[in-house]
Amino acid sequence: MADLAISRFPVPDVVDLPADLRARILAVQERTGFVPNVFLALAHRPDELRAFLAYHDAVMERDSSLTKAEREMVVVATSAASNCAYCVVAHAAILRVRARDAALGDLVAVNYRSAPLTDRQRAMLDYAVTLSVTPDNVGPADHALLRLAGLDDEAIWDISAIAALFALSNRMAHALGLRPNAEFHAMGR
Amino acid sequence: MADLAISRFPVPDVVDLPADLRARILAVQERTGFVPNVFLALAHRPDELRAFLAYHDAVMERDSSLTKAEREMVVVATSAASNCAYCVVAHAAILRVRARDAALGDLVAVNYRSAPLTDRQRAMLDYAVTLSVTPDNVGPADHALLRLAGLDDEAIWDISAIAALFALSNRMAHALGLRPNAEFHAMGR
Amino acid sequence: MADLAISRFPVPDVVDLPADLRARILAVQERTGFVPNVFLALAHRPDELRAFLAYHDAVMERDSSLTKAEREMVVVATSAASNCAYCVVAHAAILRVRARDAALGDLVAVNYRSAPLTDRQRAMLDYAVTLSVTPDNVGPADHALLRLAGLDDEAIWDISAIAALFALSNRMAHALGLRPNAEFHAMGR
Amino acid sequence: MADLAISRFPVPDVVDLPADLRARILAVQERTGFVPNVFLALAHRPDELRAFLAYHDAVMERDSSLTKAEREMVVVATSAASNCAYCVVAHAAILRVRARDAALGDLVAVNYRSAPLTDRQRAMLDYAVTLSVTPDNVGPADHALLRLAGLDDEAIWDISAIAALFALSNRMAHALGLRPNAEFHAMGR
Amino acid sequence: MADLAISRFPVPDVVDLPADLRARILAVQERTGFVPNVFLALAHRPDELRAFLAYHDAVMERDSSLTKAEREMVVVATSAASNCAYCVVAHAAILRVRARDAALGDLVAVNYRSAPLTDRQRAMLDYAVTLSVTPDNVGPADHALLRLAGLDDEAIWDISAIAALFALSNRMAHALGLRPNAEFHAMGR
Amino acid sequence: MADLAISRFPVPDVVDLPADLRARILAVQERTGFVPNVFLALAHRPDELRAFLAYHDAVMERDSSLTKAEREMVVVATSAASNCAYCVVAHAAILRVRARDAALGDLVAVNYRSAPLTDRQRAMLDYAVTLSVTPDNVGPADHALLRLAGLDDEAIWDISAIAALFALSNRMAHALGLRPNAEFHAMGR
């Protein structure tokens, strides 16, 4: 039977964390009803968790021409390409909530090419998955295609940064054996 | 926007189908509450649908040392490896029902190696996915590993036949652009 | 030395088979002069053999705009892509017979792109091999290319169904370690 | 002729940057003699650059049982696996400086398996490259191998975090078309 | 219809070739009954053909603990891995002749792992195909396995040199679109 | 620690070599200041070394519309694709010398797509790397692209022959564990 711990590394108690991280985690818990395991598992290294959250907020919370649902689509499609259980289960849940559409969330998680997307969203995910899986195949022609699909340079940077950040996140999740919280499976259904 | 039809090919009306197929489909509808799209889409060629159902029943309904949930695990894990939207969404639903465990169904759909499986189930899925994705890598050593994990020759045939049948099914689903029914997303949750 | 048995699983005696399968096998033997090993090896599970033959006949024997030689080309090219010894040796033999051309059979078996094909046949095999090897790469654009090459929807279904059926067949052959009959090597030369 | 700009996106002037980033960049320039292009190119988004630097310092500057040269080996080997021109050229230069060995830096950049490494370093790079290229192949057995090679859990986290951070960095460099500074080519020779 | 020329490049007349090459070609024709197309196609560059023949003789004609049939097995298995029509068709013919076994020749051409080989031959082909397809995966452990299978250092060099020479040959054949002579298909049957 | 020998096979003394090879090697030493290890390591088999040098001279020294620097680009880009330490380190050095440009040499070694190349050079390397890595993907369309980029048939043969010869050379270097001379690292800087 596979290990049921949430991480292969030590997981700190929330009460033992530095005040800023403790506050952030308690705020999430209050809003969502539970603490996503990624916070607890990465908190083993507070400086890394702080940097991760700063990066996350910088790319996921900024004003952008991508909707929040579209940003989650990028997360789910690229994480699915590296078969990352935590990232797909957690962010498919967030995508279901943001898009208010359970079928869309599930389809992007299995194969975004089978999901009912706009042409702009399809171009966005084609690029994000290429950058995630075979980054050295990305060149000026890929950006030209995105511009044809109506995405400007700031949107292209947004997609790139999300794909890049979750390339990091997927690898930490795989290294830690990070387990998705049970709560995610039912969210947004 | 992607096509919302259930298949890229003509889909017959149930009332126009040969009596045996019509009866089978109506029985499924009565039991499940809806007609899974694979029946309607493959019914464009009644002889092929009949052969598919005969093969399906021969491998999925026979007495076997694999539980029905384990057989669905083989379907979901191998279908996930070919990113087959219909097969993953439909059979993850059936797996959730059979295993009475939503988390397990979702984890096998994303990455079976992250799911809490017994060693026997893990060996079963390692073999099934290898046979599905790189069949020429399968040799006597793979069967020896399965025997070490407690699976006898009939169980090995069962796993092989399920992986083989869904290799067919995944390819038909991709060729047809087969769309999962909305009902599957909520089943077993 | 590799095993010389025709299958890694028990192989029944023809005389012990159910009457319908026995009759079918004897008819093949009478027509061809020998019993192809796939019949004997799959007969370990009569229901599966029946379903396999029903599927085979439904896609390989139906009226189609693909010639019988073209259908064998699809079998050989897709089976070569998964390095399936039984399927390539047996069906390259049948292709040599059907096309009355030993060179063509051998070239499709090694690399269909080196064979002297019509543009329509080349499009047919490009699609069939893509569907066989990376099924999730198949989309509406692939069908559009086939239509440009003069293949209608029924022909596209035919190619898809043959590629799908032999994806199943290749995997069973690899799982069983199915050995080609010696007779195939000289057929059609 | 390929574009000679350092990035495909707008690059800010150092004088226009927020004070903290300007100070950091000027400090690097003073120490190294030039401003590595990654600072200038990522400064288009100050919040992302700050988060990147925070992450970088957290994993590359912390006390660790990995030497600074070993950490650069992880950066170079994983960046080489994704053919990232900026990351390989810049960090092979840093590795040459840190290891005081030009041959070692070049060999890790071409193929770390050809470099004269200790068994511990070889295990470290085997794991880092697997996590970088096929993260879903990483499991408990990989960590067990690292422990056998003398690396403890904190060292395993270090290697994982460096590989993960540069997975992000490689993808940003590919998305930006980030050009290595000419100065790197001669450093440490 | 694919081009029926033997090469995409100009093919010289034998009578116009330098005397040494003309003599060599006529000797082959006398012994075999026809001139294999590789001689004619490569003769477009006499110096390269001379070097190719010198290399070929050095590795294929020298005294070796590998039999001539075993050397052809290396050629056929590695050429099959790059789907080289000319090399597989021509050398499978030579293998049938050398091994006096049509089935063996065909099986090595489709999938050497399905052929009835000795353990030593299987180790030989596993190594040759790895060196041919993913040469950077070859390391000391591969040579250790070959020694365990009874192959000494000179035999290991022989296998390596044959795999390397035909890596060259396969690429020239693909670049030239080199067509196998019709005569090869029936040889050794 | 990895082996520091220049080859996994016996390396002869220059004084014991046949006179022609001894003369050739001494001439190289006089011109370059050292004997590149490939000469010493391949000299274990004088006939093979002679054939290798003859092939090398025939493709690398002939009159060609490719400059000598461009030919080295083909060597470096294709050798980088198979991660060949000796070939990349040695020929990147020669490329730096021939092109009088250290940055260009390093960039082609890491990722030729990041190097400042002319469109003709980019087409040349795209083709060479495809032929080297996936030779069966090369067809008439690739040659048509080269002609559009201004390369005639003789230039296309040149690129093909260089890629083919170094496919051989890379595999011998990997099989021998051939170590680059220390002198190469600093050449041309």
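Quick notes on this one:
Note that the chains are named A, B, C, D, E and F in the order they appear, and that numbering of residues resets to 1 at the start of each chain.
Going forward, contacts are C-beta pairs under 8 Å (C-beta built on N, C-alpha and C of every residue); 3 or more make two chains touch, one makes a residue touch a chain.
Please read all numbers here as calculations on a predicted model, not as lab measurements.
Annotation of chain C and chain D: jointly contacted by A, B, E, F, touch as defined at the top. Overlaying chain B on chain E by C-alpha atoms takes a rotation of 120 degrees, rounded in steps of 5.
Farthest from chain B in terms of Cα centroid separation is F. In terms of C-beta pairs in contact, the better-connected of the chain pairs A-C and E-F is E-F.
In terms of residue-numbered contacts, A-D and E-F present the same interface, as over half of their contact pairs agree; the other options in E-F, A-C or B-E do not. Computed centre separation for the pair chain D/chain F is 28 angstrom, with centres defined by C-alpha atoms. With each centre defined as the average position of its C-alpha atoms, the distance from chain A to chain F rounds to 43 Å. Here the CA centre of chain A is 50 Å from the CA centre of chain E. Multi-chain contact residues of chain A, defined as those touching 2 or more other chains: 83-84, 111, 113, 136, 139, 177. Chains that are in contact with each other form these pairs: A-B, A-C, A-D, A-F, B-C, B-D, B-E, C-E, C-F, D-E, D-F, E-F.
Every residue of chain B that touches chain A in the complex is listed here, in rising order: 1-2, 4, 80, 83-86, 88-89, 102-103, 106-107, 109-111, 113-119, 122, 177, 179-180, 182, 185-186, 189.
On the side of chain A, the complex with chain F involves touching residues 136, 139. The touching residues of chain B, counted against chain C in their complex, run 3, 8-10, 44-45, 47-48, 50-52, 54-55, 57-59, 62, 82-84, 131-132, 135-136, 138-140, 143, 153, 156-157, 160-161, 163-165, 167-172, 174-177.
Taken together, the chain E residues at the contact with chain B in this complex read 111, 113.
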